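Below you'll find the structures, each written out as structure tokens.
Two complexes come next, and they have one chain in common, chain A, joined by chain B in the first and chain C in the second.
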Partner chain A sequence: MNDATQIVRERATALLADGTVAAVVGWAAGRGDHDRHVFVARTPEEAALLVADQYCGALAAKRVLSLLDEGKIALVARGCESRAVNRFMADRQLKRDQVHVIGWPCPGMLDPATGDALKRCTECQRRNPVLSDEVVGDPVPEPELDRFAELERFEQKTPEERRAFFQDMYESCIRCYACRNACPCCTCRVCFVDQERVGWMGEEFTADQARYYGTVRAFHTGDRCIECGECQRVCPQHLPLMLLMHKQVRDIDGLFGPYPGGGMEPEGPDPLRTYHTDDLEEFM
Partner chain B sequence: MPIAETAHEAQGQANEEFRPKILAFCCNWCTYAGADLAGLNRMNYPADVKVLRVPCSGRVNPQHVLRALQDGCDGVLVCGCHPGDCHYSTGNYYAKRRMMVFKRLLEFEGLPPERFQIRWISGSEAGKFRDTIVQVTDDIKKLGPMAADEPSQAVVAALRAKEGEL
Partner chain C sequence: MIISKDNMGALADAIGATQTVYVPGTERAATRFVAHKKGEPVVLGGANVRMPPKDLLFPATEKMYRWKKHEGQLSLETEAAAHEPFTVLGVRPCDMASVAKLDLVFLTKGFVDEFYQARRDAATFVAVTCVDPDGDCFCEAMGVRLDAAPAADVLLVDRGGAYEAKPQTEKGEAAVAAWAEALGAGADAAAGDAVEAHCTLNPAAAKAEERLRAEDFDNVWHSVADYCLTCGTCTFECPTCYCFDISQDVRADEGARFRCWDSCMFTQYTLMAGNHNPRADRASRVRQRFMHKLRYFADRYGEGLCVGCGRCIRDCPAGVDIAAIIDAVATAPEHELTEAARTVQADEAKKEAAHV
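On to the complex of A and B.
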């Protein structure tokens, strides 16, 4: 058992025992050696099952939103989870006093199948939590990575190659909506794809419909994306969804920037929900 | 060959000439008035453009643009008041930011930039409206129908060959 697991269990037990929080959201071990899933501990006994090690690949933050009826919720938060909490607050999904953030400086997660670093962790900007009520362990050095490297490589392709690539990508999409369900920015009560009366999405199952879903989903979350990469991690077809998100984040930074990325601040208008009268003009 | 919906299209098919379908979102207060003025002044411009009046360029959901391109339009034009002149004060500023990012996203996915254009045209700029329509129609005619954008078999085969590599 590593230090982080030990401290997380102790802190969760204490918080649950003295009634500060109704539940603690973290991870627990599954059946396999490195199998970890998001876990909600409601009693001190359950808190002893919590795990915080290098195989906790899933983003736990969104689970908090479904538990708010139970009272104050504690969340074990790495950099990405803490940015998601900021995101929830900016989107009015959560108030700061509804969540107790147990900050956990992230060591970087590993893929349980291969043992390599998770792709979303190789593009991480922020491993230490951006907000927390308490911190487990010492701060870790922030990674110095170019998160747009893959995007830049991709942009070398000709438009025709990109067209072919995305045609291929949208043909493989099975429209399971896992990317939407996992996304901490997707908090609409009724998503546009579920609005049957309005009929945004067609009934047929084609690459065109998948493109419509994929592009619009990416655009809906583009200016708020916290770049956690959870959409790509959960995609059963392994589609490179973060390409679309990184593309928009970099464009926003270049056009309306400087823009550090979503969820870095608890408040403040998102880039596409505000404007400046001296914005760049290119449509004259 | 698709069934012709209008006399213009029937004529186009008869001449074997490609007549594009272009959808122009025009804001009620500026561009639509500009189009009206162009009509009053008997200005000639291609009839390939279907004008769709919206209250404000800020009303144009980017989803509309993508849906139009998927449902048979060969090009989309979004027009509004000049920044600072919006009837609702701020609508076109929001539209501008939104469209700047969305246009880049579509181009990233391989859409030729000419197929989705945005212009600011005021109520007195009838000439600019006509020139814009002429220019956009020319652009789309050069590109051909949307089906012409389909990637060639060679490119698809090359992509398939190095599957797994981005």
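On to the complex of A and C.
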């Protein structure tokens, strides 16, 4: 058992035993050696099943939102989960006193099938939690990675190549909505695609409908995205969903920045919804 | 007839001369059955395709009929029609078993779905014995044999470097006879012994089915709901999930009705007029999916709805594992009997008392 797992179990047990929290959100092991899934521990016995190692690929943060009726919730939070907590607070989905953040400086996660680093971890800016009530272990060095590398390669393409790229991408989408269900920014009570009476969205499985869903979702989350890359990790078709997100984040930084990305601080920065008299007005 | 594995491309070319032949390949970001192009190599071994063959019989979106209003007259035009013949080459026993289950749904119990039937009648299925089960495959636990595919028209038995083609239906006899003619000497390769393989994963499915009839497993459904995303990946990749929704595309004086795949994992699936939703919470949707796979279908058709292909385990983004769930149910400490099970037991006791 690694140190992080042991400390997380001890802290979760203590927090549950003394009634500080009603549940602890983390990960547990599945059937295979490296299978991990999000896990909610509600008793000290269940806390002994928590695992915190390099195979905990899933973003656990969003599960907190569905548990708030049970009381205060503890969340084992890496950089990405902690940024999600900031996101939830800025989006008025969560109050700071509803969550106890057990910060976990992240070692970077591995794909259980291949042993390679998860793509979402190779584009991570912040492995250490940006907020926490306590921290498990020592801080880790922050990665120095170019998270826009994929975007820059894409932008070398001609307009025709880009059109073909997106056509292929949206023809491949099976519209399972895993990206939406996993996204910490997707907290609408009723998603626009589910508003059947309004009929925003056709039910046919066509590239046009998938493009409509994909682009509207991308724009609706663009200025709030915490760049956790969970949408791309959960996509069963392995579609490059982070391209559109990185494009928007980089544009916001260039036009209205400096903008480090979503969820870095409890309230903003929120450049697209903040007016400055010296904002760019090239279109006026 | 024995066909060398190197000759699978030639076989597909030969079938492809008169009809579309679907073979395992890659298209739209996933491995699936794709229309064979003449001259391209065909390989039937290795990992199974990610998308099952069900869309060849039951497309994700299918037009049902069109309507048109012209000078006060309403006209209807059905889209159901006889389908051009096609062959699916290289279907695994698990996926072939799934076709037999779809047949039960769409063709039996007093209603024949004409759209499904048109495609089904046009299809020739050539199955291949499975020698490559992976760690998430558990078809044997679900009553499927790796070396048999009774619903297929032709079974290709893996004999090392070659396949022995065994016709199993009239359609299969005709197909194999045509192949022999087309391939000539290529249909007479040397054969080794049939390759034998077994699954390493064997969840206790029979025990689980029996217990799901008598006990509540709310704790299991709730613990799965704690991490299930309730996305549609498992249902869309499942070879036997057959739920669909009927929608329409209405223009001023014409329109079309179509049906498309639906998923019991979605909140909208059970949404009713007046906004009531009997399965609004995740746990009840999780319960429905596994109860349908493991018990309800068996209640109606005498066999379960899971063929153990392992797709939902392999591709679940949240780590939901039906094999682990089957074992969790089978090995759980004894539960309280459900209300329904208590009623059945009481009725049986009464009947027994009456006989005495």
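Just so we're on the same page, the second predicted complex is superposed on the first by the 281 of 284 C-alpha atoms of A that agree within 3 Å, B and C clash if a C-alpha of one lies under 4 Å from a C-alpha of the other, contacts with A are read in each partner's own complex, and residues count from 1 in each chain.
By our rule, a residue touches a chain if its C-beta (ideal position, glycine included) is under 8 Å from a C-beta of that chain, and two chains touch if they have at least 3 such contacts.
This one's a predicted model, so the numbers in the text were calculated from it and none came from an experiment.
Q: Can A:Glu204 be said to touch chain B (first), chain C (second), both, or neither?
A: In the superposed model, A:Glu204 contacts chain C only, not chain B.
Q: Taking the superposition as given, does A:Arg175 touch the first partner, chain B, the second, chain C, both, or neither?
A: second
Q: Classify the contacts of A:Tyr275 with the two partner chains as first (chain B alone), second (chain C alone), both, or neither.
A: first
Q: Report for A:Phe192: first if it touches chain B alone, second if chain C alone, otherwise both or neither.
A: Only chain B; A:Phe192 stays clear of chain C.
Q: Using the touch definition from the top, say if A:Arg162 reaches chain B (first), chain C (second), both or neither.
A: A:Arg162 sits against chain B, while chain C stays out of touch.
Q: Does the superposition put A:Tyr259 against chain B (first), chain C (second), both, or neither?
A: In the superposition, A:Tyr259 contacts neither chain B nor chain C.
Q: On chain A, which stretch or stretches are contacted by chain B in one complex as well as by chain C in the other?
A: Residues 168 of chain A touch both chain B and chain C.
Q: Hey, which residues of chain B end up touching chain A in the complex?
A: 62-63, 66-67, 70, 83-84, 90, 93-94, 96-102, 104-112, 118-120, 149-152, 155-156, 158-160, 166
Q: State the interface residues of chain A toward chain C in the complex, per the touch definition above.
A: Counting only chain A, the residues touching chain C are 30-32, 35-40, 58, 63, 66, 168-169, 171-172, 174-178, 180-182, 194, 196, 202-206, 233-239.
Q: List the residues on chain A that touch chain B in their complex, please.
A: 150, 153-155, 159-168, 192, 200, 208, 211-212, 215-216, 218-219, 222-223, 240, 244, 247-248, 251-252, 255-256, 271-273, 275-277, 279-284
Q: Note which residues of chain C are touching chain A in the complex, please.
A: Per the stated touch rule, the residues are 28-30, 50, 60-61, 135, 223, 226-227, 229-233, 236-237, 245, 247, 249, 258, 260-261, 263, 266-268, 271, 282, 315, 317-321, 323-324.
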